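So that you can tell them apart, the chains are marked A, B, C and D in the order they are listed, and the count of residues begins at 1 in each.
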């Protein structure tokens, strides 16, 4: 098995300069462990807890930023899509289209994404079992696009809480598709702050270690230079300066587990 | 408080004749208790468990059927919408637009639905707490459309299982909007049959009784003349001949609770 | 089917005078609906959230109080037992031995209780499914004592929260034993106050109505003249003056559902 | 931090020869990694799913076996206790008394165990949050015995299923007491086989790896030479020949995480 790859970036794109700054720091953080990374950024937060939450830069500006990051850093870029008619447009700018967890059962979105021929990262709905993703992946695969990844971002556990069931990673891997663990949204407390989601970023490192120890092809970690003032998912994002040391530990565990 | 109203119909529209036949039987079932009813039918099942599940008649044919049922029976009609660009179109044919549970956090869909000026029935996501619906309703209300109903269709409880938390009905009613209990999807076992959702229709009557006893403005009950051979949600739909007697019991409980 | 019976009393016994006062008020509250009642009181709260919680009067004094209440009011009395060697002793003073939810899998306790020949009220563990109670009841029945009742007091739902799954009542009734709904502990928030359990007594009436509407042989409702200052389970107990009016509504629903 | 220790043995004691055979193989499995081990065996399975499940050898014979294993192998031994009056007796034969998860709120049992002065391993109830264990540990500590370990064996997640929330390990460690992860019972499907509990032993290695990666002082792993024919918890126990290789991987991860 290969060493894990990393999907990293801010929750939402803020500006080209900001994306550039973060991409540079992510690249530096990945250097020691030679971790391949995919730059992630959202141009539209389409499902905020409340209307007061910032939506983002919008498609035009956001996709242009991602496109530039790809060119400048030579890394693949990823963004999430929310309606069928976004897929073709976003596919022109990015390498990987991401299906949000809430939308992972929307057949038309899965088909439209699949039909772009881009790689598709599908987040497991918080309301689904790991084995329910077999049928979800099959919807994308029906388009002839088998370039699929399945991503765990936590499962509903009572109200305003998620739990990470690590039995889900090997179960989803039975599909034959690579599996990713989203260490950022797994520590979210959905709606936990009333008008926004809470979370506990101190749990990102232990859960990321757990995922790598169980065995994962990819990690998803959102990061920011000042998470507490980030426009979304601040409570869950780790500080950019903590990323490099975390990757060191994760890489060493990965090496034990995969025997490389 | 008024006696409860009923949203009833097949899970998915099958043909005009079929819709007419069911609407007639529903009207008959409601006659003794003078229960006002809204005819419900889906023209597109956009989030089936697997690709093999039938999608339905499509928007054009489906909306035409609903429009005719409205004219012939003089009852309001309801359908569900899945992407923003469906809202205006569906609003021409129906009285109530329904936001599916998986989509209840999609801001654009909520706004587009609200902007039609039609009544909006929002299903609570299986992944949300009752109080999370305050912010969901506020998104629709921000369009100036306060004609909102909130509907409980069960909450994630472990894998492939939902549970109905009846504390949610009075909690959602604190918004000031009427609250509906969906007795059909609450007994669903999502993904429970592998390629489709299972369910247990024998639990529809007790849960419907519980909802009325707790206090509800509306019940949502899907029904069919032959549920075991229906194209979707068969395990959860009750037989049409069982609807009338059930309404009799429910009406009597409603009368006790609301004191009319 | 018979009208429901009521198990009522304080959470923990405080004194003979206090028990007498409550029993009298419970009797008055039950008079209008002719609801048969069982007086309930605990002599030892053996599983408080923290060591600081009051344990109670102890077996000797507590059982003497229950015995006197039985004599003076002519009502059956119930208490809970926590270790095997308590069963025979408690059985001398009470009519019904109750197995606490946490202990419902302890084989020796179930057998010792069963062997007393008294009626046994077994609370469903918060960690068990309704169908798991088949085997629990069978342990008691193996003693030749079939005088068994099964009682639902909520099921674990995430952390510090319980949910009442009303499908459990008919499922447990499939055992052939009468089923009780504990409206008091079902609204508990276990450990929710840090050193003690929280709760929400405003949800007792709606959940009790739901249980009666689903169909139940018995209700369990703890009550107190001043719940906010009661030594345990105060947040969940209803005020004694609210019991009578609640029973009126519940009796009317019961009459609808059971057709008497 | 020290390398993790191991609690290992059969679920229930079968005979002295059997215990000896297993202890020898456990010792061999631990040799390469120099993992210190505690031999675990139950003399009484006091809370089987159904009455048909075997109870075990009983206290006299079981404790004698444990005592001999301690003498012959020079390892500490552990057993579980279920009623207060067992504590003093069991304490004469073993080094560590274990409080079963269902019983972790029983004040008298915790106090009686604490008063023996032995080390106490308290399993977190499936119905408790990690932070609820603060008060549980304080009950034991109130006896002056601070020789406490807290052990996670899964949390209720819907019906007949447990989930391991790995955020619980660091949270319980905030008590200052060492924390153990029970990889055997965490993969249990309680009541999942109707008259007995099911489980999935293939998930023991990944969850054990996750626990070590998160950081744990101790692992609890039941093992057997022929798990499928073991008298209890067979589906969850790993084959004894798989223990040594698993420990090799776990030790390497532990070394990464703890930096030794």
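One rule holds for everything that comes next: a residue touches a chain if its C-beta (ideal position, glycine included) is under 8 Å from a C-beta of that chain, and two chains touch if they have at least 3 such contacts.
All of these numbers come straight from a predicted model, not from anything done at the bench.
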Interface residue overlap between copies subunit A and subunit B, same or different (over half shared): same
Chain pair equivalent in interface to B-C, over half of contacts matched, among A-C, A-D or C-D: A-D
Comparison of A-D and B-D by number of C-beta pairs in contact, larger one: A-D
Centroid spacing, where centroids are CA-atom means, of subunit B and subunit D in whole angstrom: 48
Distance from subunit B to subunit A - Cα centre to Cα centre, in angstrom: 33
Whole-Å gap separating subunit A and subunit D, where each centre is the average of the chain's CA atoms: 36
Residues of subunit C touching at least two other chains: 155, 157, 159
Residue ranges of subunit C in contact with subunit D within the complex: 46-51, 55, 82-85, 102-103, 105-108, 125-129, 131-132, 135, 138-139, 142, 155-156, 159-160, 190-191, 195
List of subunit D residues in touch with subunit B within their complex: 157-159, 161
Subunit C residues within the subunit B interface of the complex: 155, 157, 163-167, 169-170, 187, 200, 203, 206-207, 209-215, 249, 252-253, 256-257
